[in-house]
Amino acid sequence: MPEVELQDAAARTEIVQAEGHLVDSRLLNAILDKVIERQSKFEVLRFDLGRTNEEFSSLELKVTAPDTGTLRRLLEELMPLGCYARPTQDAALRPADADGVVPDDFYSTTNHRTLVRCGGRWLPVAGQRMDAVIVVRDGQAACLKLRDVVRGDPVVCGVAGIRVSPEFQERDRLGFAFMTNDVSSERRVEVSASKVVAMLRQVKADGGRIAFVAGPVVVHSGGGEYFGELIRRGYVDVVLAGNALAVHDVEHALFGTSLGVDLDAGVTREEGHRNHLRAINTVNRAGGLRSAVERGVLRSGVMYELVTRDIPYVLAGSIRDDGPLVDTEMDLVAAQEQYARALEGVSMVVMLSTMLHSIGVGNMLASHVRTVCVDINPAVVTKLSDRGSAQAVGIVTDVGLFLHQLATQLRAREAELAAPAAQAAGGGGADR
Amino acid sequence: MPEVELQDAAARTEIVQAEGHLVDSRLLNAILDKVIERQSKFEVLRFDLGRTNEEFSSLELKVTAPDTGTLRRLLEELMPLGCYARPTQDAALRPADADGVVPDDFYSTTNHRTLVRCGGRWLPVAGQRMDAVIVVRDGQAACLKLRDVVRGDPVVCGVAGIRVSPEFQERDRLGFAFMTNDVSSERRVEVSASKVVAMLRQVKADGGRIAFVAGPVVVHSGGGEYFGELIRRGYVDVVLAGNALAVHDVEHALFGTSLGVDLDAGVTREEGHRNHLRAINTVNRAGGLRSAVERGVLRSGVMYELVTRDIPYVLAGSIRDDGPLVDTEMDLVAAQEQYARALEGVSMVVMLSTMLHSIGVGNMLASHVRTVCVDINPAVVTKLSDRGSAQAVGIVTDVGLFLHQLATQLRAREAELAAPAAQAAGGGGADR
Amino acid sequence: MPEVELQDAAARTEIVQAEGHLVDSRLLNAILDKVIERQSKFEVLRFDLGRTNEEFSSLELKVTAPDTGTLRRLLEELMPLGCYARPTQDAALRPADADGVVPDDFYSTTNHRTLVRCGGRWLPVAGQRMDAVIVVRDGQAACLKLRDVVRGDPVVCGVAGIRVSPEFQERDRLGFAFMTNDVSSERRVEVSASKVVAMLRQVKADGGRIAFVAGPVVVHSGGGEYFGELIRRGYVDVVLAGNALAVHDVEHALFGTSLGVDLDAGVTREEGHRNHLRAINTVNRAGGLRSAVERGVLRSGVMYELVTRDIPYVLAGSIRDDGPLVDTEMDLVAAQEQYARALEGVSMVVMLSTMLHSIGVGNMLASHVRTVCVDINPAVVTKLSDRGSAQAVGIVTDVGLFLHQLATQLRAREAELAAPAAQAAGGGGADR
Amino acid sequence: MPEVELQDAAARTEIVQAEGHLVDSRLLNAILDKVIERQSKFEVLRFDLGRTNEEFSSLELKVTAPDTGTLRRLLEELMPLGCYARPTQDAALRPADADGVVPDDFYSTTNHRTLVRCGGRWLPVAGQRMDAVIVVRDGQAACLKLRDVVRGDPVVCGVAGIRVSPEFQERDRLGFAFMTNDVSSERRVEVSASKVVAMLRQVKADGGRIAFVAGPVVVHSGGGEYFGELIRRGYVDVVLAGNALAVHDVEHALFGTSLGVDLDAGVTREEGHRNHLRAINTVNRAGGLRSAVERGVLRSGVMYELVTRDIPYVLAGSIRDDGPLVDTEMDLVAAQEQYARALEGVSMVVMLSTMLHSIGVGNMLASHVRTVCVDINPAVVTKLSDRGSAQAVGIVTDVGLFLHQLATQLRAREAELAAPAAQAAGGGGADR
């Protein structure tokens, strides 16, 4: 191993600051861990712990790395944790050397709210998402996917002049935090469902939009009917899925089967697997889902409800698709753009049994969007809860039965709220 | 590799016969596979395929092994598949050389109905179970666990004079067979539940007994209430479990928590984990579960329902037990005997989220007992469905929600059956 | 329930025939089960069981359905099991009504070898795969994906004039069949690996081509190095993957990390996640993988080995892709076509930890292609083993350690084979 | 909901203190979360963050609960997090009212080091483990299982006079902390293995004892041979297991099979399942494992190595046991005591593919014992890593291949260390 070069201590030392809910969002911990992990040392110059649950804490920390290279990398890693050095300078902007190609030291984004300093002013970065670069054009900073960068675009490089505000995990709102701690199948799902119901209702009450990401298991497991009810009740503002969800849903609507399995009898049915292709053929003959609904060919199911209510959906293609339906976007660059556009302004995402599309969606979300991920496989839930959002909840359960719970509880809750009014209006007599 | 010794073909050849539903029970297949697997050859002397679904098939097969040792072992392996050689001789009986110790060539049982030939007569073997030995005393043949053999007991050895009747898988009864094919979480559980409901009702209508094997996840996942309803409705004739089921159930009944988690609020509660020990302390102070119920200390929950209805239960101890409750049998030899006794005459077993106790029970069952195994982990379901019963069904789902389904469907079904009577009584004419 | 219409028995009855290894391929069983499942009856007119393991069996069966509609559907379902009616007629050909749209009663293919009768001759169907339609043009029959059908194409409809030859499962070759029985993690992987090694060597000895389908876990789990060795030793003829495999592999080759985790130290590294994007940026600046290798930018790893040895690979895009690399095909219709083309003539496929691409590949394979599927998740292995090939083997294990086993065993086996020659040539003295 | 009773603020308020590595052990976080979770308020009177990684932090916190009952429960819950109130009083001691029965307000232990105040002095509690009670006899405080309490024993009740020292998670030692973060199968197991190798060597270098908890999968998966090598190399000081490990190991040693599967050929063997019972019969005839080794009946395998080297082992019975071996302790109270005794003084535990015995062991460990848990099922690893030890590491992989890695790396490491000496002795000196 090479010798560790001795360098002047001053050059290996920096003073950084951070403010916020540093303790309950576990940032303080992460900051100090990171310093140790990089074989560096810290000295706490000042730490004011918020005296109450509402007050911010603030930290001033001196870090000393074994060499200047490590210091630079350490500062780069502390930035997503909210640390910044003072006094600060403008962010370095360097031109992209070709379309889709940026300088080697480009700054790679997190999904947390970010500011870049240009001409002494802090510009908020638009379209925040992870694994993007930041381009500053006309005094506006925005996240761009690598492939969308155009030769000559001024790309933020290095780590100076960048401030990141990690989403602060809240301690008590809606009990969300208490759900986040563990991924276990040994939980009462009725309770988890009631919390998700509360969240859905809260988001709608606040005027927010809710996206659902749904895999075909929603249909196989008998959840289609309940998902349809959620749509009718107004809790679904956009659906992101793949070809398979729509095909299985249409197969079920037209023939009562899903991949040839009769969903009511549980047995494989006559003409079994062929129904899958017939569903595709039927929709494509009609010219697509919307037109199949309009012509009365498709009269029920998830896609029917979406079309009827003019709720936007995007079906992204994949290598395993049959057909596909003419509605499925097989150009994945276009599909990613449509997904991203559909997710604009969304404040809650429910992911139902599809790791593929859920990871795709997770990549596009800013960290303040709440995410609920439901799958019967704990490994999928763990993987998804670790990504995309600081406020992700994972629920390990049967997705069909879970949707049943959601629909039943929403129905009961709405009836409960409607009842007093009815009672008040109708006078007494509820007992008989 | 050693040379294969050439032996007189006659000594390496045997003619075996088998009758029954050889095709639909996959026995024909298994028999021929086994011959090939042992580097032997077969010649089909006669095969009459049952002309209809009801008729038996019958097979006469000449097998030739590479040597007499292989032939002997092959015949030994064909026996559990229903093959027997003619003309037959009496089974060899040899005395156990010590308590719990048998001759080296003892016959090790399967869980299929078995006959042994003694004095020219075929004796049915009592207490059929797998991994036992057969002892013939006073003209009675019976399965004995190795440890129950007494020095001098006449133990069946070798393979001559033994006939095994593998359970024939039925093609169509109650749709059971169609459920057995795959273990997948991508199924509509409402449909599986409706089949289990039909089975439960059928077994009770036939006067059969139903055993439930239940792990503590039944309580954690909120299924206790629904399990209690099954008990009250009369579908539970015996419960086999461990210390943990009872402790968690009592903890829930007394304090509303399970391992400190509030089952209604889904959050860890004040006094959390201590409730677990308090539950044990409270029951033990009362002198056990029965007495806790009698004294009014325990007023709800699974154990309360069982005690109140005088339904037998056995709690077997394990190395991970806290406490234990004074009701828990910590002597595992005694616990195995109590389990086995409780299972006598049972015709259906439902296994709920406990691999440990379910394997224990599976070991004790004859193959004609129907088994339904429910777990959220597909590996557990696969493992249990492969054992213990030729007619095992596996369902991969959330056990709490599954019990909810069972209780709801049983309730609806009983209401439905009760309704026409009511209608008939009340006149009306709902049909048009 | 509706009344079952009584119909003339003759119209509800058909005589079908089948030949082949009907017992060991479980077809006899499946045929009879299917008849019962459809509420129909069978009468065995003739069944000749092959007298030895090599001889075919043959069956003549009279089936009677409750009505003519059921009979038609039953015959349709018996066809993939090898049953056909005599005397036979030509297959019905009807023109596609629009591009990508076929008549409603189109015949939907299985992945088994198929013949269609046209002008009294039986034409073999080219490009056999599941879920396709059969088009007959210029006296040639071929599978076409729905989307590739052109208006006016003569499409095979109904079930008359079609013969399917289900792949007969072999009893003993290479022990393959014995591996297929169960998916369990409780197996000695060293032994499974040695069987896969024997298969790989056999296929190459027979001049066959081997495809690998590989997910990024191959790299995360440290298997890249061993996969590279398999490539160098000549056991990899084509690689089908996604963007992520290549990106992680390049990230590891350039920076030693995979998603920012240092594969040698197991810790997240400085500059962590950014390396992922840097890898993409670096390759894209070079103009793609091939050119990155040619310019000396990329000097090791899986993609390097493939490029250097001119082994074809296809990277299919997906909704979750970062970048992508310019080599990744984001048009999924094109990607599916490239996959299908790359799979032509392949006789063995090894699927490594990617459900998405493996299902895609499975859809494209004829049933005689052998498939080995390796994943640490038993649910994935079960799902993949149930598809795509009658001869699929599933192995539940760590893919990195499994590749280590494959490489080590192949190396040892080749050294073993080389050794005697060397010894013979060099004379004695090996010991020192 | 009931009205919250208003109480005098002073009675609902307490000042608590805590010292230690409050940030890196996540205690500060947990303390503040707990206050909020209980609908209480906190005010930070003082918080001194350790200025460097080595310095302790210290906290003085004023908590105000909505009522005195909640305050009492909150203080009870803050205690395991290291909080204590000042000035402090003696712990309350109250007599057990019957054998195995304690007062309702007994103090239930955690697995962290604990002190109780008696007569003004702080007594350390011996035999620390979770879910026990503390009895003070003759000026000595000790953990007792509930069942071991004798009528009249002075039992610590309430929460006053108790101090708990939660194990402080260390940031950097041996990289252990960095392994603890996630349970994922997408990791390079060679690296995890190398860290476990380093830990094993470190513990032995420090003179520590290492316990292994092993399930029968160790044998099924081919790991027995490598586990044997670990024993021979001196890394195994005690083995805790069940009947099945020993039976499968003996079956493999005597007949080459494990549950009838030939471990070298991977196929089910002639006489298959019977070997399992034969193994039990053979050992029991010999009078047990030790005597089977002494008489030359048992000549290889894990149990052989243990007996030969006089390494203690405990085999605990379970409800699913066949046999059992005469060595298996079927009285589970005795088995738990033997386990606990065997674990005395152990500083590291490796748990190999047995949830049952691992949970049992986890219950008995103080929190400073390091635990490594290896299983192919991520749910098992998650469950075990969450228990028993603040310093648990989970590794999701194939246990057979993992043991192969451990043995190979330990062998290489020891050869490497032996080599320089040899080189030095033999002259040479390639490097310099």
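We call the chains A, B, C and D, going by the order they appear; numbering starts again at 1 in every chain.
By definition in this document, a residue touches a chain if its C-beta (ideal position, glycine included) is under 8 Å from a C-beta of that chain, and two chains touch if they have at least 3 such contacts.
Everything quoted here is computed from the prediction, not taken from an experiment.
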Which chain's centre, taken as the mean of its Cα atoms, is farthest from the centre of chain B? A
Could you quickly compare B-C and B-D and let me know which has more C-beta contacts? B-D
Centre distance in Å when chain A and chain B are each reduced to the mean of their C-alpha atoms: 45
Distance from the mean Cα position of chain C to that of chain B, given in whole angstrom: 37
Where the CA atoms of chain B average out and where those of chain D average out, how many Å apart are those spots? 34
For chain D, residues that touch 2 or more chains besides their own: 37, 178, 185, 267-268, 377, 379
Touching residues on chain C, where the partner in the complex is chain B: 23-24, 26, 28-29, 32-33, 36-37, 41-44, 47, 49-53, 171-172, 178, 182-185, 378-379, 382-383, 386
Which chain B residues qualify as touching chain D in the complex? 37-38, 70, 73-74, 76-77, 97-98, 100-102, 104, 106, 108, 130-131, 133, 146-147, 242, 267-268, 270-274, 276-278, 280-282, 284-285, 316-324, 326, 330-333, 335-336, 339, 356-357, 359-360, 363, 377, 379
Within the complex, chain C is touched by chain D residues 175, 178-179, 185-192, 194-195, 217, 220-222, 261, 263-268, 376-377, 396-398, 400-402, 404-405
